[in-house]
Each structure stands twice: as structure tokens, then as C-alpha cells.
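There are structures below to look over.
Look for subunit A in each of the two complexes below; its partner is subunit B in the first and subunit C in the second.
Entry: the complex of A and B
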């Protein structure tokens, strides 16, 4: 228990209370497989994320060991444990799996479990979407796993550079499936990002202002904002790549002017923020741990937060330092060298804040602290060696060498190390068990030795070309040392897993708060916490964390916490789950995940516009149809399912007071959709500039059909507004008529577009006719996809309205749909002139 | 609803602006003065987009922070497109 009872600004003082008595009342028991298939509770979903990410850690780790085995000696192709192609796959998939399927989801696991507890929320804003986010993540991982069994997985490096990524150079179906896996992963991240942004902004307990938000939650909030925008750009990139592979568009063809540079822009616009997306959650965990184990509030807390915000913003203006060896001009290289140096400044401040926090405190070297400190050391080494790569002249020398490999791993694995610190720190909270401290410290010693033995020699062997298994003989010693280090690091992970697994089975019971000086709210509830987290409504209105009677919450929030019964806690005798019903179970997210796998496997068979011959082709086509039908059915069932979630806006909701959860979620989603369309439109503009702006003419000969479609969409936007007006007038006929008109106008848009395409096809202007044609078809095709999705929703709304919905005062669904439909209209307002007029 | 008239007026204005946009092309301004025509067409698109977002999507009646969310995405698009395009000039 803490002995620090001063009100704190990072979530108040943690004082433990016993657990709730009616745990898991709406869910199957934990030992039942069904529970894990249907649960939407944030803690369960967090554990699912953590377990799955650990599996991918082992998967990616085995690939890493294979790489190190191959690198034991310089090899000629065909010698060593791996064939040349197998080595390329191992290198590519090791990178992809560790970056996408291990590190980020590992952090997402902690965020799922811890963030709602820290902010005083009983769950995330959209629990089913949270489960969906997990199942899409698992689906994407299964796709990558399956890709190995479809000829060959992706083998062109984790950056998927063009033109190596197109079928001419990477023809296997498995490579397409890998790209599909990334698409589905992006969808998972977007769904999760929308959910967390809504939750953290709208569902904080009364009194928990943004300034007093715990640092882990702050770091995660910035992470999900970065994710939302960065992954939308990646989604645009991989969707275009899928189109090149499946439909035959020519964005990244070797003959397309600017095609390969376009890929690097789209990829690194995502890729550099991704470094901070990976590191920020670890930084947040480290900050929490440094505070707890030094007994000292972080030095310069406000400036620490400001620095994180600055890094999050700056992360989007440094991406071209990954492109110094491409043909981009020197002026822009110089500019991005400056922005890259600039981003190190807020990081310097954060590193000094962490160090000074330790200097001012009394450090307890428990296992979490050892790992957190180790993470800081590794990050400093990674950061300093990265400065070399940010300088244009030095980068010319280092790019494409093992210097990058070593630097990159110091940075990324410092993040992993910080998260392992978090794993030991929050293990007692998540499992209710204490881990073996001796084994924990031993694992750190082995881990830190193994990691540095593995990666430091690679700085010394930096002249080794990256991603290649042949190298100069004088580097053999360093590479063998690295391979030995890899085995030791692998043993460390086994020790960690053994320690935690053993402790879950036979560890001592953990107290609610096993860490002196911890200050955040997760330590104020039982270990593990009950299903709805708190024994009352949490409130920070008085400056300390209190649990109030449900009925008193509003008053407490308004009057500074007068409902507190004993000066500290207003724990309820009967709990708080009896007087309101919320759901915790839905099968449909898992079903959507399953059918996503089926659909993607089926569609992966489509290569440059056609399926393979014979039975193989039939298999892929049949699987596609089955998957799409299953997806449509599952999504409809999920939409129709009655599911009650917690409301937001009962406490702190800055800066979105008065904006309901679903509306905010829709706006946040639309912001990511802006970037998605932005990626497509930006790609078209970029390729046009590379081609010669005025030499590039619109594909449709006549703008009038496009103008007609503009009229149709504008009118459909107007009819959606009329539907909302009719709903407010309680006119069922009016709602049904307006929505039906919207549907018909949308159909008219599609029909007009179909006629235009048929005419163009008949003239021989297919998707692969030219890069002009590719950009026209794909960008307007993406828009058509949005129209089709909108029409499916409209049909559903008409059916609901026909049965009396929306005219009973609950017309929000119509308004939220309208936000989407008007957005589709707005996008067309830009596509029309770009592809029909200028 | 008092706003029905406002929505109708906006709808008519959008219709007219869309027509004007094509009118710029039809009168041959793209051939005679490409940059001016391009600027006009772009401005028309932005005006339409702002009006749809402001009134049909009710942004003018929402807290300003909601607008900033959308602007954030748009700034991301601009940063990517402008910087990438400049990099190959």
C-alpha cells in the first residue's frame, strides 16, 4: 500500500479496495473457450492481445534465429540452413511480424487492460468494436501465417519497396496474402484507434482533466492519434499495392514515372510515425515505473507531456530522411535533415526528465525497474546512432548497411524492453499473482547481455550490406558474436515466459497494490479487477480518487465530491452492476474476423485480373464468395444485435463535451478516411507531376456524365438531410421516402459510373492501359466502394425506418449515417474536377 | 423546421457551383488560361466542400474541436501531397 497520501496530479492517490462481489456476471467462466470467443470486456480483450502478441514474438523470434544461423558465415546462394528465397522470406517476415504483429499489439494489450482503469472508465466506448479490433488483428496474423503455404510468403523486405513488390518480381499468391494481412491489420488499428480516442477523450472520471491524466494513458492517447493518421496512409499504400497485384493497375510498375518513389513516400509517411507508435507506449510505461520505483513524481511532468505532443506532431514531418538515397531533390533532403534533428530535441528533454527523476528519487531495483532502466539505456544508444542517419552526407554512407539494422533494433527493442518492464509491473494486477523476483532479475541479466551481444557487434560490422547473407570475411567474428547473442536473447525470452507461466499457476496471490508509491487508479482496485472495474463511480473531483454511489456521481462531479462517505471512498455494499445493464458478450466480432480470413484467402487467388486455372481457381473463387457472404451476414447481425455499452460524457470530456460517443467516433473515423482518400488523391497528383502535369489528360472524354453524378450525389445528400428533418417531425413516411430517394440516387450514381466504365473498357482503356487510367479507375473505384457501403447501410436504415425506428426521438443513427454520406459527397466534389475536368 | 429552407438554399447553391465548375471548362478557359481555370475550379471545390461540411454535416453547430479533428486529417493529406510533390520538382 502506498504511504504517499498527498493528492497527485497523475490520477490521484491509489488506495486499494476489495474486489466487486459479482464478477463476470454476463460472461461464460474464464476456463470456457466460449468466453474468449464472445468477450468484449476490455480486460479480456487486453489479455487476448497480449497472448497473441507473445505468440507472434516467438514466431518472429524463430525467424530471427534462422537469419542468424544463416549469417554464421558469409554464404553463397544455396548454402547454409536456408535457401536464398527462404532467407529473403525469413528477413521480410521477421521484420513485418515483429513490427506489426508483435510490438504494437503487445502495447495494445496493456492499453486495453490498463487505460480504462487509469481513467476511471468501466470499459471502452465501443466494446464490440474493441473485440472486433482484436479479431481483425488475429485474422491479419493468420493471413500472414497462411501466406507461407501459398507458394511463398512476401520476400522483398519489410518495407515492401517498389517495384520489387509487384507480381512481375514477386509473383507468389502468398505474397498477395501477406499484403492482405497488412490491409486487415490497418483496419484493426483504425477501429481500435477510433475506440481509444473516443474513450480517453469522453469517458474520463469527473475531475480527471487532461493535465492530470496518467503518463501511460497520455502516451497511449498520442499513440492512437498517430496510429489513426499514419496507418490510414499505410492503408492507402497497401490497397494500391493490392490493386497492382490483383487488378493489374500500374502505380508501382518499373516503367511508371515516380512509381517507386511514390511507394517510399506513402510507406515512410506511415513508417516514421510508426517508430514513435511503437516506442510511446513503452515510454509511458517507463515513466510510470520510474515514478513508482523512485518514489518520485516525474521531473518536469508538464514539459514531459508537451514534449510527447511535439514528437507526435513532428513525427509526420520527418519521413523523407528515409529517402536520402532516392532521387528526391537536395532542397527537400536538407529540409528534412533539419526537421529530423529537430525531433531529437523534445526527446532529449524526456530522457533528461527520466534520468533526473531517478537522481532525485530512491531507486528500488525490482524487475520492472531493471527492464525500464535497460530500455532507457538502449534507447539512448539507439537515439544517438540514429542522428548519424538523419544527416544527409552520413546517410549516404550508412544507408542500406548493418548500421541501420543495429540502430533500428536498439530503438525498437528499447520499446520492447520498456513493454517487458510493463509486463512485470502490471502482471500482478492482470493475474492476481506475483512473479518470481529472482527469475525476473535473472531474465533481465540474460536479456540485456544477449541483446547487446547481438546488436552492438553489428555497429562494428556495419559495412555488411543489409538483407544480404554474403559479407566480407573480416566481419565473421562480429557476426558469430551476434549469433551467439541471439541465442542468449532467445533464452531470456524463454525465462520470462517460464517465470510468468509458472507464477500464473503457482505464484503467491498479489495484493491490490503491490508497489509502494504507485499513484494511478488501477492499483486502487482488486487484482485482478472485477468485470466492471470499480466498486462505485470513480471520481477525482475532490483531488483524490473516490468511488461514489451511482446516484451521487453527478452531484459529486458538480460539487467537488461531497458524496464521499468517509473522506476517501464511497464503496458500495451492493456493487453497482445491479441497477444498470451493460453487455459484455457478442459472437459477431469473432465471426467477422473469421470471414475476413476466408475472404482474403479467396481474393488472394486473384492475380492481375484473373484466377488460376482449374481446381485451384475454383477453390479461390468459391472461398471469395463464401467469405463475402459470411462477412455481409456477420456485419448485418452485429448491426442488428441489441448491445448496451457504457455512456460517455459523465465526467471529463474535454474537448468534446456535448458530442456523443458515436458521433465523435464517426468524426474520428472520417478523419482517418480523409487521410486514406488523401493517400489515393495524393498518389494521383504525385504521379501526374512525375508524368508532366499538363501532358496528362482526363481519361473520360466528356465531363458531363461526371457532372450528372455530381448532381446525383448532391441531391442524395439533400435527401439524407430531409430524412433527418422528417425523423424530427416524427414522420415515418417522410423518413422512408427520403431514404428511398437517397438509395435510388446512389444507385443512379453507380449506374452512370458503370456505363462510363463499360464504354471505356470497350474502347480498350482498361486499368492497365496507362498509369493515368490506373489512377482514374482506382481512386474513383475506392469512392464507388464507399458509395456501395453507404447504399447497403441505407437499405438497412430503410428497413428499420419502415419498422418504426428513428421517429421515436432516437434519430441519432440517421445523423451519424448522414455524416458518412455527406463525406462521400465531399470526396466526389474533389474527384470530379481532378479526374474529369483538369 | 426552420432549417429546411436553409438546407434547400444550400442545395441550390451547390448545384449552381457544380455547374459553374464545368462551365469553366466549357468556355475554354482551361485552354486559354490553364492556371486561372485550375485555381477557379479548385476554389469552387473547396467552397462546396466547406458548405457541405459546415451545414449538411452540422459542423457550424458543433464544438470547434470536431472541426479540428477533420482539419487534422486534411493537414496530414496536404503535408504528404505537397512535400512529396515538391520533392520531385
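Entry: the complex of A and C
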């Protein structure tokens, strides 16, 4: 191809088609608010994620500006823009919001929109769960927002170090709400992770093997795997924290041996993978953009992927380098120093691969490429300054200073820069409009200047301790420069938002493929793509992307280029006539999100086991009850709703060819649940070692009730299997009887447990009696929560079976429930000896 | 782990920065800064060079460019890639290995000699309890630490409430102050004068002002001060014993 000045596709034809006319058989139109409440389509959910994340960017940015205003001068006590507590809230919430509520969800937005298109899937495996993860994300964000209005928000830094995080040192109800927000955010991430892992593994187009996945999809697949496991560890940490705050357990009390260090382990086991969780999607976007705008395929593609996989694995074995100044010993320090160097090396390779991709290219400096290139430059600076921290002797001095602040802002915000590159890159695809190129380039110039003015002086002022506003006068100049840079960077973001908003309203229509050398499938469909994404069944089986006629066995489309060009036509004409009906709308995910907010607000009033006095207490109690009822109702309604989604396994599904989507989803969920229980059990063991292993005795005096419960649960596992056998024999009575027996056995377990607890309480052994009691009640309580959830599902299954479900050959639901139930029983087999015998 | 004998010979070879923590830090820091700047300049310079050289200029193109709808591939330049990776790995690993010797030196130093002080952080200040053979001497100060010049000072740092971090930036010493745990570290001041210690872990409302004054004194001056403190501490305890006896 010699004439690469011309766009190769006449996408204008495709986009001239009214996109909405195609949607209205399932969904309200885009201008209707109702559409955005009920939509489960991955593209809509992606846009919701992006818009909400942008809101939190502005929110976190305003907090950053407040911090920089306070840092304008070293402040004497009681002076400055913010009070001491307001400042502490600003630094804490700035960190939390940017990391949790901006960067990750921003990336999730792109992934939602682009990944299904890149892999040739019409939607995610579980569209309603996708909507649910968005609504839980929004709910968690609303909780954080609300926390400012409940006394004070969290004020102990985004790392939530113990024991500052417990009510004895931070009594405000708002702090509990913030932690609740993180819990809900973890739930959102877990739901999303299950969905994406299932989708990417099971729903790829024929010919799109793992090795040939586009790099953005690869980066996202590894991101969601890391998220699934790392956020489960964080969930364990914040659930324990919530229990300390709300129920009065004493894991993190200052008097608990090892409590503070336990928190640092739990937090950083999550916290370090989080760095890569934040950066990987940007890296994937940068890889796509470098290829598209240089006109070269990436150098060393295989090694690039291998490097990403290595980083994802290694990210779980470097966490203690955040703890070099705690009481860990030299051997452990040495080990973690080595793993830390180890994880830097794959990054070197990826950086070089990106740079070498430029060679012999025909590089076009459109806005996405400017941002992607800038992101790589900033990342290199962040990486080099990170090597300083890898040298333990230097780390000792940099710990807790602005060196760390400057370093991780270079790394994290270079990730943001990469995602902004993605925003400009995919904007025409997502909106069907072209952005203003001049404003885009101008925004980059302002952005890059502002970024470096803001963060580079922080290296020079590195002697400043973190999170203080009284610093040495010799740093005033650098801090003022940084504050000026912060304003400039803020202006750059406003320019970006203005450019995109203006273009959505008044921009030119975008071609299906506005970039000369793009390759991935999202550019082969109209901008924006129709609701079912593709004009036919996408396939790479021939070595090129083709859209096959539904039902036709042979290749109907001509070469990939042609199919790509008039994608829109094909979509309209074939119209999915013989496709089975697929749903795109459900109100229940939004309802669950709403009632999650209500429940969390209500429960946040609970402090160390009791509600506040008087009207305030009544408000919190009433809100809790309302929320829980609403939650149960909307979850049941969602379970009962008929909803058809796309099933995978039609194309590439390695390594899960033989597993249905829901079964894989259940397995993936249980994998995260293993980590959750691992966090709780690990915490109990850690505290026991700190306490003295031998001096620690089980809380229940008598192991016999626990043993009885072991038999009850094992038997109930057996009866679930009987239910499945009965279903296969099409015996309605058999299914109902076996499930009822399961239910009764589970109820027996709970009753036995209740008696045990009542006796213990009456003897004065409450949750706060000792750290032994805390770990016993909370860990077995978490398990009991799983049992209760299982029994609620069993009750629902009995009701459905009574009405004739599962005996019509569709007994998968029983099988998936069985997986869950067996898992709960297996966990008990670990808990029983640990908490009753040794 | 590196055997002790090897470690000892490495430590004596003269390659490894040793001395006060100020000397050690500055030597390593400047080497890192020099090499880091060099590597950064080379890599970013090379990026900019390629960015300029291969910018789109029109004209005829002979290369096989990516096409829409192709299965993603990419390769080539493997040798160059691994050569660069190898180079960067050598630089990083040798730098870190070089500092590891210093780490062994720094870690091996605590408690070998000198003055022992327990540091206890609280919201929002610092208690200093002077120790003798691990026992409290009764000499205690709050928010002011007096130490002799040119003498190693061993700190045993803990906290009475929340997680703090005790650091004296000019003397390049820092460690976590964790409730229920004790961390050990040391420093040596090579000139008299006043320094300021800060808290380096967000610990609540008064975090920004949680400072302590470090007064480095001449050896004799310090000894006079310490003896007078010690005497009054003993008098006090004698007095309280006497008072209890009555």
C-alpha cells in the first residue's frame, strides 16, 4: 500500500446510518434517561464508566488543588487554607479517589467498550453482572461522597494504616462510610473480574487464539486476573477493618500484638499489584497506539506478552518492599529486594519494544500518539527513580518523603497519560464524532508542561515528609512551582473535557476507521458500532477478519478489507434475522446499587456494636432495615428475571472449551473467594504467631458442637449431589426433597452455631473480649455468612423446583450452586481444626 | 544468603560505601543520580531521535504496513531487544548488588557500641528513654534528644498509640514506630549542632508538627548533662521510695 494518506475505508457510509434505529427493538433511545438506568450493553456500560470516572477525576483533582494551595507556604499551626483535619482528609481522599474511583474505572470503561469488539464478542458473558459492577462502582463512589457529610471523611492516608484507622483514633461515622465504600468497590471489581475473565477466555472469534489477542485485550486480561486476586485480599482487609469499626473486634487495636504489621501485610499484598492494575491498561493502549500511528507491528510481540505475564505473576511477591523500615528481618529484606529488581526487568523489555517499534515507521503525530509517546517518556522517568527505591539503603531515607510522592505520580500519572491517549484514540469509535485536532495537540502541550512543572520539583523538594503542611523554608520555591504546575495540569484536563464535550455536540462525523494503520476489529465496524457489534459472525479463521453470514458454513464475506469497509450496511441488511433473541435491559442491577447505598449508609451508623442515641440512631437503624429488605428483593427479582445472553465457546475458548460460561464464572468467583478466606485465615494465623502460638487456646471450650457441624455440612454436600441426580432423573419430588434436606441440615448448622455463640456471650466472651475471640467470631462468622447466603439460595431453588424447574433438562443451576456449597463445606474443614482443636 | 565470610571480605574490600549514614547515603545517591540521569538521557534521547527521524513525510513506502483485520502479529529485532534488556539488567543488578554490601554494613551496626536510647512516639511527640544494657536508666526526655558527637547512637523505636515513623533527615536515619513492636536503627553525628526529627507516617491531626529537637553536644558536655540527669533521676526514685516507706 503506497498511498496511505487516504483513509482506507469509506466509513462515512457506515456512520451515516442512524445507529439508534437499530437499537429500539430492545432498548430505549440514547437521549432517554431510562436507557442508562436499564442498559446492560457493554458499550453503554463502558460509556457510563468513563463518564463517572471523569467526574471522580475532577473530584480528586479539586482535592489535589486544595493540597497544593495548602502547600503554597509552610503553615504555622492554625493557618492556611485548610484545617489540619481537613488537610488530612484531602490527602487521604485524593489518593483513594484517584486510585480506586478514577484510574481503574476509567480503564474499565475502555475495556468494556473495546475488549468485546477486539475479540469478536457481541457482549460480555454476563451483561447484567456487567451493569451490576458499574452500579456497585457508582454506589461505592456515592458512599465516599456522602462520607464528607457524616462528621468527617477518612483522614488517615489512602493506605489506611492501623491502628489510626479504628474508632479509638478516628471516631467519625464518615470514616466508616469511606471504608464501606471500599468494600462495595471491591465487590464491584470482583463481579467485573469474573465477567471479563469468562468473556475473554470463552468468547473469542474463531482463529483468535490467546497468542494472537490484541495487546490491549491482553493487558486487560492480566489486569482483571490481578484485580480478582488482589482485590479479594483488600476485601479481606477492609472487611476486617469494618468489623473492628462496626462490631468492635480488636484485630487492629494498638494493644493487639502484630495488629499494625498485619494491616501493612494485608494492604500491600493488594497494594503492589494495584500499581500494575493501574498501569497495565495504559500500557496496552500505548502498545495499540504506537503500532497504529507508527505503521509498524510491535517489535517482539511474543516477548512483550511474556513480560506482561511475568509482571502479573511477580506483582504478588514484591509487597514487602513497602515495609523495609518495619521490623522485618534482613533475610526477608534481601528476598524482597531481589524480587523487586526482578519485576523491573520485564518492564525494561516492554519499554524497549515500544521504542523499537518506532524505527522505520511512518509516525503520525496525532493527539493520541502525542499522549502515548509522552506517557512513555514520563514512565521512563518514573521507572528510573523507582530503581533508587529498590536499593534498600536509599529506600530507608526516601521512605515517607516527597521522593516517593514524585516517583509514584510519575508512574501512576504516566498511566493516566496513556489512558488519555486511549481516550483520544477511541473517541471517534465511541461517539461517532471526530475531536478537534488543534485543541487536542494544544491540550497535550499544556498537559506535558503542567505535569512536569507539578511533579518534577517534588523530586527536588524530596526532603519534605509526606502528608505534612509545615515544611522547611528552603523548599518553598519548589513547592510553589509544583502548585503552579498543578493549576496548569488542571487547565489541561479542562481543555480535554471541553474538546471532547464540544466534539460530541458539534464535531464532524467520524469514519469507521479514521486511522491509516489500525488493525483491530473495533475499526472494522461503524462508529459507533451497532448494538450487536458486527454485521455477521466475526472470524479470523482464514487469517483475516471476516464477518460470516449467520447460519452459513462457508466464508461469505470477501477479503477482510471489504467486509470492514461497509460494515454498517451488512449490519442493517442481514439484521440478525435468524439470531436468537438476546436481552439488553434490566432494571435490577441499578436497584441493587441503590439499595447497597441505603444499606451501607444505615450500617455506617453502627459503631463498636451500637447505634447512636436518639433520632440519629433511629435514622440509621431504619435505613439499615430498608436497605437490606430492598437488597434482598432486588437480588431475588434479578434471579427470577428471564434474561438471555450470548453464550461463548463458539470460537476460541482455550483453555476452557468444555466449560459453560456460568460454570467458569462460578469457578473464577470461587478463586477470589479462596483469597478472601485466605486473607481472613492468614490474619488469624499471623495474630496467633505474634501472640504466641502455644499460649493461644481455642475459644469454644468444647469441640463437639463444631464436630457435629462438620458432619452436618458434609451430609448437606451429599444431599446437594442427590438433588442433581434427581434432576437428571427428572424427578421433581426427588429434587425438592433433597434440597429441603440440604436446607434443614444447613439450618441445623446455624442453630448449633447460634447456641454455641449464645453460651459464649453469656459467659462474657464477646467479640471484643480478646483478639482470640475476635478472630474466632469473625472468621467463622464470614463462613456463616456464606452458609446463610447458601441457604437463601437453597430456599429460592426449592421454590423454583416446586414449580417444575430443573427437571426439564436444565439442571445447570443446581450444579453451579453445588460448586458453591461444596466450597463452603471445604472451607469449614479448614476452620474447624484451626478454631476448635489446635 | 551470602555467607558471613564472603560478606565480611566484601565489606573490607573498599568497594562498599561505609562510614556514617550521611556519608553512605550521599555516596550511593550521587552514583545513582549520575547513572540514572545518563541512562534516562540516552533512552529518552534515542526515543526523540527516532520520533524525529521516522516522522511521516509522505513519499513512497516500500514497507509491509499493518492492515485492518489482520491477525495481530509482530516480531523481529529480537536480538536488539534482548541486548538492550541485558544491558539494562546489568546496570540495575550491579547497582543494587553494590548497595547490598552497604545494607549489610548498616544493618550489622546497630547496638555494637555507643549510646542506647528508646524512642517512643505518641500523638503528637516523642519520648526518649536512655538505656543502659537494655535497662531503663531513669533518664528520660520529651521532644528533645541530646547525644554526643562522633558517637554511634542506637535507637530502639516504638509507639505508644498509632503507627509513626521517626526520622532525622540531616543524619539520614529513619525507622517505623509501631505499637507493640520495636525497630532498631542507628546514626552518628559528625558535628555538633541542632537538628530536627520529623514524623514520616500520617498519624492524625498533629502530624505536621510532630517534631523533636536533636542536640548534638561535645562528648564532655553531654556526659555532664547526662550525669546531672542521672543523679536527679536517682534522687527522685530514692525520694519516691522514701515517700512510700513513710
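Going forward, the second predicted complex is superposed on the first by the 791 of 838 C-alpha atoms of A that agree within 3 Å, B and C clash if a C-alpha of one lies under 4 Å from a C-alpha of the other, contacts with A are read in each partner's own complex, and residues count from 1 in each chain.
Just so it is clear, a contact is a pair of C-beta atoms (placed from the backbone, for glycine too) under 8 Å apart; a residue touches a chain by one contact, two chains touch by 3 or more.
Remember, it's a predicted structure, so these values are computed and weren't measured experimentally.
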Next item on the list: Answer with first, second, both or neither: which of subunit B and subunit C does A:818 touch in the superposed model?
Entry: first
Margin query: Quick check on the superposed pair: does A:657 touch subunit B, subunit C, both, or neither? Answer first, second, both or neither.
Written below: first
Margin query: In the overlaid three-chain picture, which partner chain does A:671 touch, first (subunit B) or second (subunit C), both, or neither?
Written below: first
Item checked: Partner chain in contact with A:481 - subunit B first, subunit C second, else both or neither -> neither
Check: If you stack the two complexes on chain A, which partner ends up touching A:261: first (subunit B), second (subunit C), both, or neither?
Finding: both
Next item on the list: Please indicate which partner A:708 is in contact with in the superposed arrangement: first for subunit B, second for subunit C, both, or neither.
Entry: neither
Note to self: Let me test your reading of the model: by the given contact rule, A:349 touches which partner, first (subunit B), second (subunit C), both or neither?
What the structure shows: second
Notebook entry, point to check: Which holds for A:608: it touches subunit B only (first), subunit C only (second), both, or neither?
Noted result: neither
Check: Of the partners subunit B and subunit C, which touch A:689 in the superposed model: first, second, both, neither?
Finding: first
Checklist line | Partner with the higher number of touched subunit A residues, subunit C or subunit B | finding: C
Next item on the list: Find the residues of subunit A that appear in the contact set with subunit B and again in the contact set with subunit C.
Entry: 258, 261, 327, 690
Check: Which residues of subunit B touch subunit A in the complex?
Finding: 1, 3-4, 7-8, 11, 14-15, 18-19, 21-22, 24-25, 30, 34, 37-38, 41-42, 44-45, 48-49, 52-53, 56-58, 62-63, 65-66, 69-70, 72-74, 76-81, 83-89
Margin query: Could you list, by residue number, the parts of subunit A that touch subunit C in their complex?
Written below: 1-2, 4-5, 8-9, 75, 77, 84-85, 87-88, 91-92, 155-157, 161-164, 169-170, 207-208, 212-215, 254-261, 291-292, 294-304, 325-327, 330-331, 333-334, 337, 341, 344-345, 348-349, 351-353, 355-365, 373, 376-377, 380-381, 384-385, 387-388, 390-394, 396-397, 399-401, 463, 465-470, 513, 517-521, 523-524, 540, 543-546, 560-561, 563-564, 690
Margin query: Give the list of subunit C residues in touch with subunit A in this complex.
Written below: 1, 24-25, 28-29, 32, 36, 39-40, 43-44, 46-47, 50-51, 54-58, 60-61, 63, 65-78, 80-82, 84-85, 88-89, 92-93, 95-96, 99-100, 102-104, 106-107, 123, 159-163, 165, 167, 169, 172, 174-176, 178-183, 198-209
Checklist line | subunit B-facing residues of subunit A, complex | finding: 229, 232-233, 258, 261-262, 265-266, 269, 316-317, 320, 323, 327-329, 332, 655-659, 664, 667-668, 670-675, 677-679, 681-682, 685-686, 689-690, 694, 703-704, 707, 710-711, 714-715, 717-718, 720-722, 725, 728-729, 815, 818-819, 822-823, 825-826, 829-830, 832-833, 837-838
